[in-house]
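Letters are used for the chains, namely A, B, C, D and E, taken in the order the chains are written, and counting of residues starts over at 1 for each.
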Amino acid sequence: MDVATVVGVMLGFMVVIGAIVAGGGAAMFLHIPSLAITMGGMLCATLIHFSLPQFLGIFSVIKKTIVAEIPSPSQLIQKMVNCAAINRRDGALALEQEIHNVDDLFFVKGLQMLVDGQDSEEIRELLSMEVQHLQDRHSTGKKILEFMGAAAPAFGMIGTLIGLVQMLRSLDSPESIGAGMAVALLTTFYGALSANLIFIPLAGKLGIYSKAETTAMEMITEGVCAIARGDNPTIVREKMQAFVSQSRRQEIKANV
Amino acid sequence: MDVATVVGVMLGFMVVIGAIVAGGGAAMFLHIPSLAITMGGMLCATLIHFSLPQFLGIFSVIKKTIVAEIPSPSQLIQKMVNCAAINRRDGALALEQEIHNVDDLFFVKGLQMLVDGQDSEEIRELLSMEVQHLQDRHSTGKKILEFMGAAAPAFGMIGTLIGLVQMLRSLDSPESIGAGMAVALLTTFYGALSANLIFIPLAGKLGIYSKAETTAMEMITEGVCAIARGDNPTIVREKMQAFVSQSRRQEIKANV
Amino acid sequence: MDVATVVGVMLGFMVVIGAIVAGGGAAMFLHIPSLAITMGGMLCATLIHFSLPQFLGIFSVIKKTIVAEIPSPSQLIQKMVNCAAINRRDGALALEQEIHNVDDLFFVKGLQMLVDGQDSEEIRELLSMEVQHLQDRHSTGKKILEFMGAAAPAFGMIGTLIGLVQMLRSLDSPESIGAGMAVALLTTFYGALSANLIFIPLAGKLGIYSKAETTAMEMITEGVCAIARGDNPTIVREKMQAFVSQSRRQEIKANV
Amino acid sequence: MDVATVVGVMLGFMVVIGAIVAGGGAAMFLHIPSLAITMGGMLCATLIHFSLPQFLGIFSVIKKTIVAEIPSPSQLIQKMVNCAAINRRDGALALEQEIHNVDDLFFVKGLQMLVDGQDSEEIRELLSMEVQHLQDRHSTGKKILEFMGAAAPAFGMIGTLIGLVQMLRSLDSPESIGAGMAVALLTTFYGALSANLIFIPLAGKLGIYSKAETTAMEMITEGVCAIARGDNPTIVREKMQAFVSQSRRQEIKANV
Amino acid sequence: MDVATVVGVMLGFMVVIGAIVAGGGAAMFLHIPSLAITMGGMLCATLIHFSLPQFLGIFSVIKKTIVAEIPSPSQLIQKMVNCAAINRRDGALALEQEIHNVDDLFFVKGLQMLVDGQDSEEIRELLSMEVQHLQDRHSTGKKILEFMGAAAPAFGMIGTLIGLVQMLRSLDSPESIGAGMAVALLTTFYGALSANLIFIPLAGKLGIYSKAETTAMEMITEGVCAIARGDNPTIVREKMQAFVSQSRRQEIKANV
């Protein structure tokens, strides 16, 4: 689970609610019609922009930013080096046993192709295509969240314009001006808060995840192809370490 | 028909109209002169920006975002595999019968070239050119909608400036200030609403369609070229499936 | 002449002037000092940004967006096919007669090179260089108009700031507040109107023209090179039609 | 000297000062503390953003946009053609005399390499590297000016926020409101004016110069390399003219 | 230590504080709750956007912009030329002594590979990978600072909206309006100041450093590879000088 996302969202709302409560009159900040027009308008625009399956996939995209697990590079390298050793000692068929010890579906797919005896080029082509598909899906998820982050403030402003026009039409009682204006500003507040605390940062997180996951998959591709070419375990380790920064490499050595 | 576009637009207007009616005085939100300057100015700017045929094509572009049908990948693959089998069994001329069972004009064109005995490279070159043309046309449509989405708020602001200057010149009666200001804000409201609920999301939808349609055409190109090279049906299927994500591929297998 | 540009600008001003007159007091919208600071500041910034010859070329650039003629693709193709037939029948020297029937200077240049007996590669290199130069010149014109479209609202805002400071310094008579504020807003109005109705759409139109003209020149280049290689008229037609969309191609066939 | 830059800046300030004087009370527009916070803040941000040598180079960068001389293409071509003729007639060593007639340091460098007998490829590699360096330096200068153009309005707004907070805290005397607000707006005015009349257009001018200078250097490179390969003067002229537009080429022919 | 960064930040705050103190009532500009919501919200959004290790690395990133030392090109060139001379005279093993005289870890790594007898291509591949990793890390640091520079004003605006709503709800006492509005504006002030004086310029500085450090590493790579190929010291010097501008080259010659 991604603690940073959860803690960030919770702390962020605590900071905002704290500021509201400290100023007094927290109740007036919850105004269902204002919330309805900001979020409703934003969701309708998102529905028009994207296809229905993409729109319905928003929740799984958001869930992904919270629960995603990136396989640790050091574990990936260690497992792949083991596989290389087994392949050298007992041949590719002996890797069939190893498949059950691997959780990552992409890794399993690569090992299965080794067991099936496909050659290095075939494996690279197929696995690269999978990586491409993952990036496409992530990129659509990121675009949806970015569009929501742009649409929410826009509909917040539209709601404020509606509120201002209604307030300006009934200027008879001076007291009502302040109240009307306060309500009118709430939609802008909802739009700005949801965009800047939720949609824009989550879109960014999805980009961070996408890059990490892609790197892990490229490491696996590189490792499986090296095994398919019959490289010895030391060379497999070196080829995979090329994706890891110098300081991480020393951690990996320490761990292993 | 694209339900998402229609439902999104309708729900969006219901949300906005609901907020207006709930606040009372819905009648004051319909102000024909304000609508005329915002939409009129935006259309004039669009007319200046684009050529006359491009401008007149806006409606067919908008219609396209509502009624477009993307051929289903699984059907495409199944039909192409059938064609590959017929080609193998009875030769390319036998495909002439199949052409009548295919709706997609692009698919028909590819099959016709197979029947005419053109080779794989010629077919690929011609079909790729068609894909390029489609992308160009879609991209122009997207640019028009994006420009309208930028021009509408701009002319909304111009209308508000006109209204503000007129209101400020006649500050004698305090009651008229509010009313004048309310009318002045209406153009900004029209511009922001039309841009964020119509033009910007429709431009996005056109991009989504363009990508889906392009992918389908690339799948057909790949399949037809494989048949032209005499590949067997299994290889044709594999080559076309490369464009489909892992999960969709399993659906396809389940269906077929 | 480009009717869309002329009609768009005229209609646009009619819409805006209509809105001004309908609200009453049209005279107050014409304020020469406000116009002077907005347009003057914008022109000075443009003069600083670009070189003197580029600045002085603005008018010919604007004129171009109104009077430019794009040669019709079907006429181009027909003329080139005729030339290909003449070349095949009577040799390249016979094309000298044809040159007098061609208006387009670029086409003339290509035919002259054919008559001079230059080979296909030399012709392509020289003509491509011409296309490159045209694109460069168009791109500078577009940048000037885009900069004017950005500078006009900026100097409108600067004018409004000057007006606001002057108004705020003399708050003694309440009546004067409205009048001062109205005048202050005029510069923002001028800047926004000129940018959104003139400069930005004209920059866009220049881009549309540039693309159409470039495509026509690329078609001519392709046709002349095909003739230089001695291709038969049918192949010349096919190569040039590659630049035209499917529906346009059928029109061409119908016309010819 | 670049007349356009000097005239543009002077005219621009005359337009703005004219508008200020015409409205009365020009003295209130000169407020040293407001100027200090806008320009001071902007300079500090620039100092943080760039390295000290880059920051100290701003003045020479600005000076460059005023005094830079771009060598005329027609003179460059004429001189190079002369050199080609000398090289053909008397050999490369005879070019040593010519070096004293050339002002441009880059041209001198190219000739010197010809005299030293370096071959065409070595000359091209070294001269291209020089062009690359010039572009890098120009691009840094442009980035500094663009950053200043973005930072000035930002610190103008920060100054206005400070002024507004101070004014709002002492609302007792209604007269002071207008005066306080007027002073608060001055920083925004200074920021917007300096950015739009100085920094942004100067950054643009630097880009125009950089392109012109780069083109001249590429023409020299092309010419010197042609001489090194022993091309005859006519071919040297043709190769250099490839960089000049059709209409300029006719001017050049007329002049020569 | 980077004096420009430290001096810029200190001078910047002095300018702003000076403006505040000069206007009187400096105490009201320090409002802890306003600071808490602006900075707290910004930090939470950053925490959501980036992964936990990236977020925790912010301080080392900021520290880097202050203390980073870029090795001087002239020293690098001199040391590399010495190494080339030693390599020529006494063989690669003699370079082991030199390693102790070099501070730069990247330089040490290159020399160590020379001593180990790795060939030119292996050295280039490994060192280039290191450069790539450094650029990736710098680019992440830059993105974090840029995101903070965008999030701070956004949460400043959110804080101002909260303050405005609270103020508008209690319009009974006219005196409180000004005070409430003043406090509401403080969050916008904090957001704008921190973004424009800290985050955005520091992100820029990181980019400047990244480029300088990358260039130094590329010079070292070029030099070490030249030594590995057995180039003589003069050629090593020339190859490294290719990265330095003409004027800097003369300084280097003067120093050496």
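Descriptive notes on the structure:
Keep this in mind: contacts are C-beta pairs under 8 Å (C-beta built on N, C-alpha and C of every residue); 3 or more make two chains touch, one makes a residue touch a chain.
All values reported here derive from a predicted model rather than from experimental measurement.
The chains other than subunit C, kept where they are, remain one piece by touching. Put simply, subunit A has to spin 145° for its C-alpha atoms to lie on subunit D, with the angle rounded to a multiple of 5. Averaging Cα coordinates per chain places subunit C and subunit E 43 Å apart.
Centre-to-centre separation between subunit A and subunit B, using Cα means, comes to 27 Å. For subunit D, the set of residues that touch two or more other chains is empty. Here subunit A touches subunit E in the complex through residues 2-5, 7-9, 11-12, 15-16, 18-20, 22-25, 28-29, 174-175, 177-179, 181-182, 185-186, 188-189, 192-193, 195-198, 200-202, 204-205, 208, 212, 242, 245-246, going by the rule given at the top.
Contacts from subunit C toward subunit D in the complex involve residues 33, 36-37, 40-41, 44-52, 54-55, 129-130, 133, 136-137, 147, 151, 154-155, 157-159, 161-171.
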